[in-house]
Structure formats: structure tokens, C-alpha cells
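Both of the next two complexes hold chain A, though its partner changes from chain B to chain C.
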Partner chain A sequence: MADYQIRHCERKLEGGIYTETYKALSTAEPCSFVNTPTRLTFPIHFSGGGPGESIVSIGDQVAKRTPIIRCHSGIIHVASRAGIVVDITDHAMTHPSGERSSCIVIEPDGSDTQESLNPLSWPFDANTLRDRAIEAGVLGLSGASFPSLKRWIDGTTTLIINGAECEPYITADDTLMQIDTHSMIRGAYLLSQALDIKTIVIGIENNKPEALTAIEGVLKQYHSNCFFDIVLLDPKYPSGSERQLVWLTLGIEIPTGSRSVETGVIVHNPGTLIDLSRAIDGKSITDRLVTLTGQALARPRNVIAPIGTPITDLIEAAGTDPELLDSITVGGPMMGFAITDFAAGITKTTNCLLARSVELQPESPCIRCGACATVCPVRLQPQLMLFALKGGALNHAIHEGLTDCVECAACDTVCPSHIPLAEWFRLGWFQTKEISAKRLRSSEARERFETRNLRLKRIAAEQDLKRLTRKAKSSEALEKARKAREAAS
Partner chain B sequence: MTDGIVSIGAAVIGLSAIGLIGGLLLQYASKAFKVNGNPLVDPIDALLPQTQCGQCGHPGCKPYAEAIAYGEAINLCPPGGQATVDRIANLLGVDSLALDADKNIIEQDLVALIIEDECIGCTKCIQACPVDAIVGATKLMHTVIMDDCTGCDLCVDPCPVDCIDMVPRPKVSNFWTPQHPNMISSDRFERIEMKHG
Partner chain C sequence: MIKRPAYPPRNTAIVMRSVLISLIPGIVAMTIFFGPGVLFNLATSIFTAVATEALCISLRGRALMPRLRDLSAALTGVLIALSLPQAAPWWLIVAASGSSIILGKHLYGGLGQNPVNPAMLGYALMLISAPVAMTTFWINPLTTPSISAAWAAYVGQANDALTGATMLDLYRTQFLSLTAIEASDHPLFTKAHLGLIYGYEWVALSYLLGGLWLIYQRVITWHTPVGLLATLIVISAFFSIDPDTATPVWVHLIAGAGIFAAFFILTDPVSGATSPRGRLWFAICVGVLTYSMRTYGQYPDAIAFSVLLMNFTAPMIDHYTRPRIMGHESSVKGSGGR
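Then we have the complex of A and B:
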């Protein structure tokens, strides 16, 4: 039996909101598999892990788990089902930009051929584990799809399992924690062993009793030399946000501009750890659990679908005609984004498809009530940042703390004037990033320009020197010849 | 009488000593804290877009920055656009000018693309590129390193077989802009009106 304790969280989240959760909607029916769709699409640059390139060509026969995309960051994405690569073309994708980009299109042939990697056997170190995770395409599944592996560094003291699924409607992580508890604990334990971590904290909200029972059941039979510290959290949004979770469970406040790993903490979602556990067994990531929910769906539930499955197929699996919907939210109602082209395939980070009809209210002017400031979990002044951004003063907004905003949209929810504050902050954040990227590019260009000028100067000087020495030699020889001629005559 | 001479002498010697020390200090300072070149050049250069395109009539951004520091017009940089002109005006404390109307303004972020099938490997574009963004060797195919290309189009004219095109910079996952909230709001209005109408 593993050493564990269950305790209530003694800290309170600053700001934040209690929302109607609607979680029971998708848990009424048990989790099930969907039929293999007729087409699977894989965006080459947007599958997570940054831009990449296709390593298959049109007409290739691929097996399940054949590598098809290699990202420049090294992450490899695999085909989720065996089939034929029918096209590599611009295609709709599940991405907040709503743009089309080149995707690999695979038509599954229904066969069961598959490839796999060699299973890793204990003992292995952090580097081996990281290489394996990269090879198997394990990503941080928190939505940002930041290659989570960069965080695995020595000196880490605590691993937090983020079981705080605070977004309303979504039950994907909750379900994963119930149906695949053992893989999750195993992934967390092996990662802890590789990084020499002694404490594993499980942050879980107290509205998930089934998941808690499942975890306890596994821990009672699990042999480990780690200490499992289960922290029961208040179901307040956004306690599942990384910084907030670290503060709630450990009391550590992460300073502005640094990441949790710098304070010796790594945070992973249950899904990431389950994927990691599979990767250790040699199985690259092919499927994911998606919550299909919302009042507009006839049969909301959780499904396990191959990555690349078109959203249309999933809406049909939930018993609704896709024609009836004009848009669907990917992710939760708070931080998700809308998709209108349902041909887009799901990616590794698609945790929820939400279809509901909301009566959106028109925006009114800000009345300076300050409600947004009281719910901000980062203790910012959203109204001041909004004024700055609306006035085009990006620097001022950054001064007010724009880069610390977690885009949780708690301010949107409470705003009596229905101002889409989080949208503004997201835009401002992207502008900030774009400007700094442009600055970086121009300073690199300046450096190359100056290096080139120095090189051209050096080459010219070298050639001058060569010519001068040659000329000196030749005039010397000429002089000698003249003298010899004079002596002869 | 002697008192008077002594005090005058003390004053003369004292003042000369102060003068000497002051002079030596000034001499030292003029050597130790000498400013090479015009101190305005680097801040101006930092504002220029570093395309090194030469459209301002100077062989690169640094030379243009030097020229501005010595009185050249500040509105000659088309890739920087009006925003850059305004920033330079702000830095120098002068009135902003409209961007020189004769210069064709590049609205889009472009990069050079070599049609690799048509390239004959003459290396002329490699010599023209101010930022070493083209790789290749004599009689072998050349190609542009997209990430390093500044879109200056100096390589287009020297190509003898006209195989270089200027194309929009390819979008990668780091470069996309979310929808403007105003657009979203107007979209909201439309949907509501549709519901009522």
C-alpha cells in the first residue's frame, strides 16, 4: 500500500467565481468508443509541439502509430488508424484562429496493422523518459499544448496532478481519472522516480467523489516509495489554472515572469500522465477522450475518439445533426473558442466540444463598477487594462499586468455590461508576443548584416594584402633583371 | 605691505593650482569619456526595421541611422511605415512627417522564394542578400532561409533567369492574431437581431 493522506485545502482562492457546472449532463451515459471515421486529418503545423513537416507522401500506406509529422521541436505525431494518405492539402482545423492550413488527410482502411516502439524498462533516467515522450508525441494536454517535457529538469521536488477540472461542462479529466486511474498513478510514479521526486500532490475538487474513490482504491494496492498527498479543493473557478493550483496545494506563489518549474514544481494533467504511461509501454498517442456536451446535443457523453476525427462525426455520435448547429465551442465555456467549419479534426488538446444556444447580450459601455477586479484570480485591474487596450496603449496595459493575465474570463462572466474583456486581453497578449518576435527578428537581421559587412571588409583587405605583396615581389624581380642587364652591358 | 604681497602671492599660487588641477581633470575626462561617433545613431538604428533594403538611398539601416543623426529626412523608410517615422520623430523631438509619397509602401510581410527548378546556381542573389539569408553554391541550387529573410527584394533584380518571387511570409503556429473583440461584438449584435427578426 502506498503512503497517502487526504486533506482539505486550507487556503482560499483569491477572486474566482462559483458557476453552475452542468457536469452531470455528460456523465449520465457511460464513456464509449466512437466508430472509426472515414477521414482523419492531421494539421502539420498545428498538432501541438509547434510547426513541423510531413514525413509521409500522398499514396503512402500507413499503419496505426506510423509517424507522419515531425515537429521542428522534435515531437513526433503518429497516424491514429491504419489507412492510406489520400491528400496533403489546406484543410480546416481545430484552432482558435479559424484559419486553414496544410493537413495530412488519411482514409482509414479498417485494417488492424500497427507499429509500436520498444517498451522502456526500469531503471531509466529523466533524459531517456523525455526522449521517449517526444518520440511518442506526449504533450501537455492543458490546452496550451506547451511541450510539457521541457519542464522535466533535475531539482524538481514536487509533482502535482491537476485533477481540478474547474471549467463548467467538461468532465474529460474526471472520467479519465475514473477509468484509467492505474495508468495515471503509474505514469506519475515512474516520472517521479526518474526525476527523484518524493512527493506527488493530487489536487482534486471535492465535487468529484467517484474519481477520489477510484484513486484511493488504486493507492491502497499500489507499491511505491512516494508520498501521495491528496488535496481536496473548493470547486471555484479557476482553481485548475497552474499558478492558482500551486498556490492552493503548496502555498507557493510563482513570481511574475517565471514558471512553476523554477520553484521546483511540475504540474501535469491526468491525460498527460496516462499518455506517458502508454509511451513507456511503447504505445504512441492515437486516441483521446472528448467530452461531448451542451443542451443542443441529444446524447451528451464522453467518448474516446481517434485523433483527427472530424467534429461532424462526433456531433453525429452525440445524436445531433451537425446541420442544425452553426458553431461549436472547443474547450469549456470560459476559455474555449468557437469553430464553424465542422470538417476540422480533433487534436491532442481537444478536451471538449460544447454545443449550446446562448442568448448573447450586446455590449454596453463600462460603468466602472469594479466587479471584474474583485473576481480576478491574479488580482489585476481588468477595467484599467481594457481602457489601455481600447485606447491602443499596449505599453500601459503591460504595465497594468497584461502578461500576468491567465485569460480565465471570470471578468467576462461577471461584467454587467457584457464586455468581452478576456478577448481583448488575448488580443493584447498576442500583439505583445508579435512585437517581441519582430524585435528579435530585426535584431538578428542587424547582427547578420553587420557580420556580413565585417566579412566583406576582411576579404577585401586580405585580397589587397595579397596583391600588394605580389606586386612588391614582381617589382623586386624587375629591378633585379634591370640591374643584371646593366651589369652585362 | 609684506602682508599684502604674501596674500596676493598665496591667492595667485592657490588659483593657479586649482586651475592646473581642473585642467588636468578636464584633460583626463576628455580622453576617458570620449564618445565615438554620434550617440544618436544606435537608438535610431534600434527603431528601424532592419530589412537592409536600401530603399531610403543608403546601403542598409545603420548607414541610414547615421545619416538621420546628421540631418537626413526621417521619412524615407517604407518597410517601417508611418509608425517608424512617428517613433523617430518622438525620439529626436522633431515634428513628424508623412512617409515619403514616392516610395511604394510594402503593406504585406513578404519573403523571397527561389523557384528551385529554375535556379541555375549563378550565386548572384547570394552576393546581393544583405543578411546572408540565401544558401547555395556555384552551379548548385540556391534557396532562401525563410526565417532569416527580411523581404528587402534586393535579390530579385540580380537573378538572370528571374526565378525569385516575393511571397507572403508563411504562417506558422506562433503567428496568428485572434479576432478583434469589436468584430466579435458586432457579430453578437447580428445574431441577436436575427433572433428577434
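Then we have the complex of A and C:
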């Protein structure tokens, strides 16, 4: 039996909101598999892990788990089902931009051929584990899906399993924690062993009793030398945001501008740990659990679908005709984004498809009522940031704390003027990044320019020298000739 | 009992409507004690404000309905009508209400853009340009006028018998040479009215009731009213050590616009400070200024000028009262954006 304790969180989230969770919608029916779709699409640059390149060509026969995309960051994505690469073309994809980009299109042939990697056997070190995660395409499933390897550096003392799925509607992590509890605990444990971590904190909201029971059940039979610290959280949005979760469970405020890993804490979602556990067994990531939910779906539920499955197929699987829907939200109602082209395939980060009709309230001017500031989990003054951003004073907005915004959109929810505040802050954040990138580019350009000038100067100097020597030589020769002539005469 | 909502209203129109509803007890009390002129003023002021708002919006080429529906102009109209003398002639109301919408709001870009409180701007403008009307047309609560008398005042034939100086004004002018005991012989303090004592405190209490309801509904926070009223109490109590020269605490609290302003004027979110701590400081400063101006200044009541002055400092207060952002070692102070 593993050493564990269950405790109630003693800290209270400042700000944040209690909302109707609508979680029961998707948990009424049990989680199920979907039929293999007729087409699977894999965006080459937007599958997670950054831009990459295709390592298959049209007409290739691929098996399940045959690598098809290699990202420049090293991450490898595999075919989620066996089939034929029928096309590599511009295709709709699940991305906030709504843009099309080149995708690999695979038509599954229904065969069961598959490849796998060699299973890792304990003991292995952090590097081996890291390389395996890259090879198997395990992404840190939280948020921006940057490769989880970045977080794995030495000096981490605590692993937090983020079981606080605080966004309304989504039950993907909750379900995973119930159906794959053992894999999750195993992934967390092996990761902790490789990184020499002694404490594993499980942050879970107290509205998930089934998941808690499942975790307890596994821990009772699990042999480990780690201490499992289960923290029951108040179901207040956004407790599951990384910074908030670290503070709630450990009381550590992650300093502004740094990541949790720099304070010795790594945070992973249940899904990441389960994927990691599979990767250790040699299984690259081919499927993921997606919550299909919303009042517009006839049979909302959780499904396990191959990555690349078109959204149309999933809407149909939820018993609704995709023709009836205008748009669907990918992710939760708070932080998700809408897409309208349902031909797009799901990616490794698609945790929820939400179909509901939202009454869009007309926006009116900000009256500085400050309601947004009272719900901000990082104590920002969104009304002042908005004022700065609308006036184009990006520097001022940064001064007000723009870069500390966690984009949880709690402010949007309470704004009486229905201003899309989080959208503004996201835009401001992009502009900030653009400016720093531009600055970097311009300093690079300056450097290039200066080196070029130096090189030109050097070349000129060399040529001068050459000319001088040549001149000197020729005058020397002339002199010699003159002397010779003189001597001769 | 209506359940207390967990969050402020999620619609600007509901915010404004709540404020309007919470003013009803105050309006009723005003009408009882100061006569039906209050209602004439209200009707005129609301009509002028909404009409001016509509005119401005259409001149600016904006969509009319979304802005009119948010009730902000109507609220400005109500606030200004309640601030002006009850026996004021109609032109004073029209001028105050119209100028507060034009000069106080739309010259700066409409809702949400005004640096100062529109109602107080209209009030101050009238106080400067029509000082006689603004200081003498106050109804004496002992002589509540009939409808016909109120109408006469409304059309510009004010009856001197009905009006008089306000209590704050009395303390500044007539009571200066009197001791506290002599001052308490004034008919305003001795004559009972409608079985109650005198009008001012019932009006103040009605506003207080509405204000508390606003706090309960989370439309406003406690910071502003507590800041202003506590400051007025503390300062006037301190100076009341000598009761013969000082204006008593209760006069400061209820005789002027104290409670009305604390709950309905200073709480204008657009022109005030925006963080809770900022609001507290804003209200405290208004309290200090109000006391100083009431005691040493030219005008009997000073809420309008204090609020206008402090409105201009609101951005600075916002800068210096920022809470510490999570992950920062200390709060970011001062102005940003070089």
C-alpha cells in the first residue's frame, strides 16, 4: 500500500467564480469508443510540438503507430490507425485561427497492422524517459501543448497531478481518472522515480468523488516509496489553472515571468501521465478521450477516438446531425475557441467539443465597475488593462500586469458590459511577443549588419595591404631594375 | 427576502435599473417633506437628459437604442433632479440636466468615457452661473408646498414663504454668532412635522435604506459610503469639541447631501477610483474636502466640488492603490508605460 493522505485545501482561491458546471450532462452515459472514421487528418505544423515535416509521402501504406510527422522540436506524431496516405494538402484543422494548413490525410483500411517501440524497463534515468516521451509524441496536455520535456529539469521536488478540471462541461480528465487510474498513478510514479521526486500531490476538486474513490482504491494496492498527498479543492473556477493549483496545494506563488518548474514543481494532467505510462510500454499516442457535450447534442458523453478523427464524425457519434450546428466550441466555454469547419480532425489537445447555442450579448462601453477585478485570480485590474490596450498603450498594459494574466476569462463572465476582456488580453499578449520577437530580429539584423561591415572593412584592409605590398614589390622591382641598369651601364 | 446575488448584475442596464429602484424610498421621502415640486423636477430632468442623450448620440452618428436602453441618461437625470433645489424653476433643471449630459458625458465620448461625474458637473455649473437660484430655492420642510404652490415655483414664481436656506447654510451664516443652545431654538429644530421630527433625517434615512439595498445587491461596495460617512463623522466629531462654533455631526451627516452622495454620487464607477482600496481613499478624500469647504469655503454644501476635484485624481489613486499581483513581490506602484 502506498503512503497517502487526503486533506482539504486550507487555502481559498482569491477571485474566481462558481459557475453552473453542467458536468452531469456528459457523464450520464458511460465512456465508449467510436468507430474508426473513413478519414483521419494530421496537421503537419499544428499537431502540437511546433512546426514539423511529413516523413511519409502520398500513396504510402502506414501501420498503426507508424511515425508520420517529425516536429522540429523532435516530437514525433504517429498514424493513429493503419491505412493509406491519400493526400498531403491544405485542410481544415482544429486551431483557434480557423485557418487551413497542410495536413496528412490517411484513409484507414481496417487492418490491424501496428508498430511499437521497445518497452522501457526500470531502471531508467530522466533522459531516457524524456527521449521516450518525445519519440512517442507525449505532449504536456495542459494548455498550449508545449513538449512536456521542457519541464523536466533537475531540481524538481514535487509532482502535482492536476485533477482540478474546473472548466464547466468538461469531464475528460474526471473520466480518465476513473477508467485509467492505475496507468495515471503508474505514470506519475515512474516519472517521480526518474526525477527523484518524493512527493506526488494530487489536486482534485471535491465534486469528483468517483475519481477520488478510484484513486484511493489504486493507492491502497500500489507499492511505492513516494508519498501521495491528495488535496481536495473547492470547485471554484479557475482552481485548475497551473499557478492557482500550485498555490492552492503547496502555498507557493510562482514568481512572475517564471514557470512552475523553476520553483521545483511540475504539474501534469492525468492524460499526460497515462500517455507517459503507455509510452514506457512502447505505445505511441494514437487515441484520446474527448468530452462531447452541450445542450445541442442528443447523446452527450465521453468517447475515446483516434487522433485525427473529423469533428463531424464525433458530432454524429453524439447523436446529432452536424448540419444542424453552425459552430462548435473546442475546449470549455471559458477558454475554448469556436470552429465552423467540422472537417477538421481532433488533435492531441482536443479535450472537449461543446455544442450549445449561446445568446451573444451586445457589447457596451466599460463603466469601470470593477466587477472583473473582484474575480481575477491573480488580482489584476482588467478594467485598467483594457483601457490601456484600447488606447494602444501596450507598455502601460504590461505595467498593469498583462503578462501575469492567466486568460481564464472569469472577468468576461461577470462583465456587465459583455466586453470580451480575455480576448483583448490574448491579443495584447501576442503583440507583446511580437514586439519582443521584432526586437530580437532587429538586434540580430544589427549584429548581422555590423559583422558585415567588419567583414567588408577587413576585406578592404586586406586588399589595401595587398595593393601596398604589390606596390611596394613593384617599386622594389623597379628599383632593382634601375639599380641593375645602373650597374650595367 | 430576495437572496443576495453572488456577483454584481451582469448587465449595465440592470445596474442602472437597480440604482433607480434604490432611489425610490428617497424620492418618496423627498416628495412627502419637500412637496410635489420634486416630482416636477424629476420629470423635467429625466426628459431633458434622455432627449439630450438621444440628440448627442444621433449627432455623433451612433446607434440610438442600445445606449438609450442602458438607462444611464435617465439615472443622470434623476440624480441631478434630486440634487437641485426643490423649488427651482424649470429652466434651471433643463439647463443643469442638459449640460450634464452634453458637457459631462458626450463631449468626452459618451458612456464610460467621462472623467467627471456628469450630475455633479451640471450641479456645479448651475451653482456658479445661477448662484441665487441655487442657494435660495430650497423648500423649508416646515412648509411643505401644495401642488399649486409647487407648480408656481416650477414656472418661476417662487414664493419666499416656502423657501429658505438649508440647515448647512444656517450654520454657516445665521448661527455663527449663536451658541449651540441658542441655535437649537430655531424653528427647524423645535417644530414637529407630520408627527415626525423634521424632514432631513427621514430623507437621509430613506436614501440610506436604498443604499444598503444596493450594497446587498452588490451593485456598489461598502468602501465608498463607509469612507465618506466615516470621514465626515470623525472630522466633525473632532471639531465638535467646541459645540458653539462647530456644525454638529448629525447636521454634516444628514442635512446636506452626505448620505445621498455617499451611496449614489461617489459610487459612480466611471469617474471614481476603481479598486476597493482606491474607492476607500477616494471617499475619504472627498470627505475631507467636503468638510473643509463646508466649514471654510464659499458655498454651503461642497459635495459637488469635492467630487469633481477628486474625479481628476481618480487615475492617480488607481495607480497607487493597486493590489499586489500574484507572483509579484510587491504591488506595482506609480505610473507605467514610458
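In the analysis below, the second predicted complex is superposed on the first by the 457 of 489 C-alpha atoms of A that agree within 3 Å, B and C clash if a C-alpha of one lies under 4 Å from a C-alpha of the other, contacts with A are read in each partner's own complex, and residues count from 1 in each chain.
Just so we're on the same page, contacts are C-beta pairs under 8 Å (C-beta built on N, C-alpha and C of every residue); 3 or more make two chains touch, one makes a residue touch a chain.
This is a predicted model, so every value here is computed, not measured.
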| item | value |
| --- | --- |
| Which of chain B and chain C A:362 touches, first, second, both or neither | both |
| Which of chain B and chain C A:340 touches, first, second, both or neither | neither |
| Touching partner for A:433 - first (chain B), second (chain C), both, neither | first |
| Partner chain in contact with A:18 - chain B first, chain C second, else both or neither | second |
| Chain B versus chain C as contact partner of A:111, first or second or both or neither | neither |
| First (chain B), second (chain C), both or neither touched by A:99 | first |
| Contacts of A:38 with chain B and chain C, given as first, second, both or neither | neither |
| Which of chain B and chain C A:445 touches, first, second, both or neither | first |
| Doubly contacted chain A residues - partners chain C and chain B | 361-362 |
| Residues of chain B that touch chain A when the two form their complex | 45, 48-52, 60-62, 130-133, 147-148, 150, 171-181, 184-185, 188-189, 191-192, 195 |
| Footprint of chain B on chain A - complex, ascending | 45-46, 50-51, 95-99, 101, 359-363, 420, 423-424, 426-427, 430-431, 433-434, 437, 441-446, 448-453 |
| Chain C to chain A touching residues, read off their complex | 6-12, 14-15, 66-67, 70, 72, 110-113, 269-270, 272, 274-276, 318, 322-329, 332, 335-338 |
| Contacting residues of chain A [partner chain C, same complex] | 14, 17-18, 243, 247, 253-257, 361-362, 364-371, 373-375, 377-381, 383-384, 388, 393, 395-401, 404, 413-418 |
